[in-house]
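Pasting the structures here.
Two complexes follow with chain A in common, the first pairing it with chain B and the second with chain C.
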Partner chain A sequence: MFSYCTDPSTLDNLAWLSCYLTTGKHSAMYVSVFVVLLLLAITAPMALLFGFGAATASRSTILPLRWLGRAYTSIVRGVPDIAFFLFFVIALDQGFEWLRHKVKCPDWDEPIRRGVDFVVCDAAKLPLGNAPQWVHETYGFFLAVLTFAIVFGAFAANVMYGAMQTVPRAQLETAEAYGMTRRQTFWRVLVPQMWVYALPGLSNLWMVLIKATPLLFLLGVEDIVYWARELGGTQNPRFTDYPHGDWRMWYFLALLVFYLMFTKVSEVVLDRIMKRLTKGQATMGGEAQRKAAA
Partner chain B sequence: MKKLVLSTAALALTAGFAMADGHGVVRLGTEGAYEPWNFVNDAGEIDGFERDLGDELCERAELTCEWVKNDWDSIIPNLVSGNYDAIIAGMSITAEREEVIDFTQGYTPPDPSAYLSLDAGVDLEGGIIAAQASTLQAAFIADQGWTLIEFATPEETVAAVRNGEADAVLADSSFIDTVVGTDGLVKLERTEAIGGGVGMGFRESDAELRGKFDAAITSMKEDGSLNELIAKWQVSSQW
Partner chain C sequence: MSCLQTISDYAFRSLGYGERLLPRGDFTLCQQFTLIGSGMIWNVYFGVLALLAGFFLAVTLAVGKSSANPMARKPAEWFIFVFRGSPLFIQFFFGYFLFLSLKSVSSVFDPFTSAALGALVVLFLNTSAYTAEIFYGALLSIPKGDVEAADAYGMTGFKRFRRITFPTMLRLAWPSYTNEAIFLFHATTLVFFSGFPALRQKGDALYYASYFADKTFNPFVPYPILAGYFILLTLVLIGLFGVANRRLNRHMPQTKLPRMKFRLNLIR
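Take a look at the complex of A and B:
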């Protein structure tokens, strides 16, 4: 990176460190930080959407829809994350490829499953075999987002279902008395009020989600924990210009600080949201706010 | 939610319609954590004996190749499900693996595995031996009935000996050589003759591609360039 980095063994501490921390390998770690943040930024709203959909379905008046919502929440919540990540993602990927295979290669006469091999025609491969590596990585990333969203969506669904049931019955009755339809009651009275009950549960989920990112490596997406282990491990002078001993402790310490700071920021933001949501609500928090203002 | 799933499926179906037609690129899967066979260099690229070897083989077979890094634990499942087309990761040819994937001929001869320890006189039978999970060496120790502790990466097996968690590591001799002498680590005299050489792994349904690489390995053996590479990286004995 810097011009003086050509022979690191001659450098003193600070200059050496500046070279060491800007190697291509370290850049890969910095990129992975953004990958993780991007993943969280996309996954969280998607999981909320899945959760909201499933929670709404669970209290639907249409029986099959209710079954669907409840089946989704209970099945996904019951399966260990790691099993879900190893099994479901491969199944999802093969499902996509199978569909594409049916569409694109109708004349294919060989079997798709051969022993343990899963073979579809070249045109049905996802991503295509000759696609550049970044396409493969992006595809892997979106599979990861989808899987995280489905897993965390199920937990969010349960939280939101509970929150919807907690909204005081009197509020809904009043809405009905005013002549609102079921749909209007739902959107104008129930949904705006349920968030205050859902938020503590959702904020827990968010914290768990932040820490669940090492699962990404199972999907081939390299996250920060992977890089910390890789970079912190003993570096042999035969294979690197920057040999060092086992520095994993320092790398994990840096991770610790990163995660703690991230959690702190989350807490501050969540607190603010909570204050906003509490405003004017018929809860203890809302009452306290009203008294403080008066 | 249903709409979302449907539209994702539709997107996946249509993605890449434009750039159809495809085995132009052969994807090579490796671990990137097993010096000197394969590792990630300072620039963040795959490097090592197998990098040189794979690039040379692809040139001889007139294929365009691309390197993919994958965790050792899931390296075979990901080959089988088609995430890449070949494994080139210091993988020994064993009967167990032959049941799931097919190997080329070995590109390094079968070499004995060696022990690494802090104490040259360590008692292997009564001690705790570390090895990387799902390797020949781990299977060997388990068969002997000794106390085995497994780690996901080679690096962690050595760290376990350094901090006293394990008494010795059993691994490929060439890997042991990379760490011997640091922090008082010594290589034991005793070696174990396990393994049938190291080869590239392919899907069983991919015999054609395997044939191409097999031919390229033969040609490298014949003109001595394979021996040169082995000597350069000191990975094993020569042919």
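Take a look at the complex of A and C:
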């Protein structure tokens, strides 16, 4: 990167470090930080959407829909999340291929699951066998995002279901007394009010989501954990201009600090949002704010 | 091969007893049940030991955090912040590589690079931090009257803590502590996916489940089996902690007993 980096073996500590930290591979690691941020940016709204849908389904009047919502939200309790991650990545992949197989090759008569193989016709492969590398990577990332959204959607559904139950009953009764239909009551009264009650749970969920991002590594995405292992490992002078011993400990220490700072910043921001939202609310928090101002 | 034969071969495979090689082809349901169940031994081992040891450190940390003396408060606050603010997954990695580096300094650290001890230390510290935060919250919500009554009886210092503060804290914290315990057992599945090596394929339940999923390319059998085991474990935990909860609350008016509410948010 810098002009003096042509022969790293002659450099002393600080200059060496500045060259070392700006190599191409390190740049890839910095990019992977954005992969994590991108995952968060896509997953959070998707999980909210899944959660909202499931929470709504859980209080539906249609019995099968209610069962579906309840089953979805309660099935993640009691089972380790990482099992879900490992499960969904394969299951989703196979599910998509199976669906495409059904659509694209209707006259295929051999079984798909043969012993230990899962065989679909070539046209149904995801991504296609001749697809370029970036398609494979994007597809992997997409699967990861969907997996995160499904798992966190269930958590979010829990929080939002609770929030919907907490909205004072009298509010809904008033709406009914005004002659609003169920649908109107839901959209005009319940949904606008539930957010104050949902926010503490959702901000907790955000923290949990941040801390779940290193699991991307298990889903086969080249994320920061992958690069930290890769770059931190012992580098042989024969293959690199920057030989060093086993530095993985320092790389993971850096990741630890990164995540600590990330959660700290989120905490501060979420605190601010909560302060703003509680302003003027008839809750303990709002009351405390009013008293402090007076 | 009969199922009984399989069980005798693989029931303690996770500890290194029985058949040396894992099944290679023609996976039967029995094999999957046995091996994944065998892996649960590790999950229970990590969970129980970390929970027991973590309890004592957590009480110390919670008392430290609620102390007025900054010399006690600051370290406790930092400890809790560091372990609750960063992903357990990264903590495992860092712990493993830390122990690996320390190994070259002194042979004392040799056993720490194995999952059995190294991962246990990380889990112990992690659960201590989470539990300490729960206990700290409970300490803050102890009714003022209880402490005033203790003062009126002339109890001070350690006596007041042992007779009033500590039991009340435990009673208030118990439902959340139950969640933390369940949560910890789930977290134990991360161990063998985070640097710590599974020597001679001696792994935990998830390790074997993912082994089967990889080999058969069919996730729909091993993971539900794993889920079944964990739901069973969770039910046992809820049962045990429920007994303790009833004992902690035995002096309270029984009609007003707060229902234990299990709010699980996994992943740390």
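Keep this in mind: the second predicted complex is superposed on the first by the 280 of 294 C-alpha atoms of A that agree within 3 Å, B and C clash if a C-alpha of one lies under 4 Å from a C-alpha of the other, contacts with A are read in each partner's own complex, and residues count from 1 in each chain.
Convention: a contact is a pair of C-beta atoms (placed from the backbone, for glycine too) under 8 Å apart; a residue touches a chain by one contact, two chains touch by 3 or more.
No experiment lies behind these values; they were computed from the predicted model shown.
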Query: Where does A:Asp246 make contact in the superposed view: on chain B (first), on chain C (second), on both, or on neither?
result: both
Message: Per the contact definition in the header, classify A:Gly53: touching chain B only (first), chain C only (second), both, or neither.
response: first
- request: Figure out whether A:Gln184 sits in contact with chain B (first) or chain C (second), or with both, or with neither.
  value: neither
- request: Look at A:Phe155 in the shared chain and tell me whether it touches chain B only, chain C only, both, or neither; answer first, second, both or neither.
  value: second
Query: In the superposed arrangement, which partner chain does A:Val103 touch: chain B (first), chain C (second), both, or neither?
result: first
Query: So, A:Phe87: does it touch chain B (first), chain C (second), both, or neither?
result: second
Query: Looking at the overlay, what does A:Leu215 touch: chain B (first), chain C (second), both, or neither?
result: second
Field: Set intersection of chain A contacts, chain C complex versus chain B complex
entry: 86, 90, 94, 116-118, 217-218, 229, 246, 248
Chain B-touching residues of chain A, taken from the complex the two chains share: 23-25, 27-28, 49-50, 53-54, 57, 86, 90, 93-94, 96-97, 99-100, 103, 114-120, 122-123, 125-133, 136, 146, 217-218, 220, 222, 229-230, 233-234, 236, 238-242, 245-246, 248
Field: Of chain A, residues touching chain C in the complex
entry: 76-83, 86-87, 90-91, 94, 113, 116-118, 155, 158, 204-205, 208, 210-215, 217-218, 225, 228-229, 232, 246, 248-249, 252-253, 255-256, 259-260, 263-264
Message: Which residues of chain B touch chain A once you look at their complex with the stated criterion?
response: 1, 4, 8-9, 12-13, 15-16, 19-25, 27, 33, 35-36, 39-45, 47-48, 64, 66, 68-71, 74, 77-78, 80-83, 85, 100, 153, 155, 158-159, 162, 178-179, 182-183, 203-205
Query: Hey, which residues of chain C end up touching chain A in the complex?
result: 25, 27, 81-82, 85-91, 93-94, 97-98, 100-101, 182, 186-187, 189-190, 193, 206, 209-210, 213, 215-220, 223, 226-227, 230-231, 234-235, 262-268
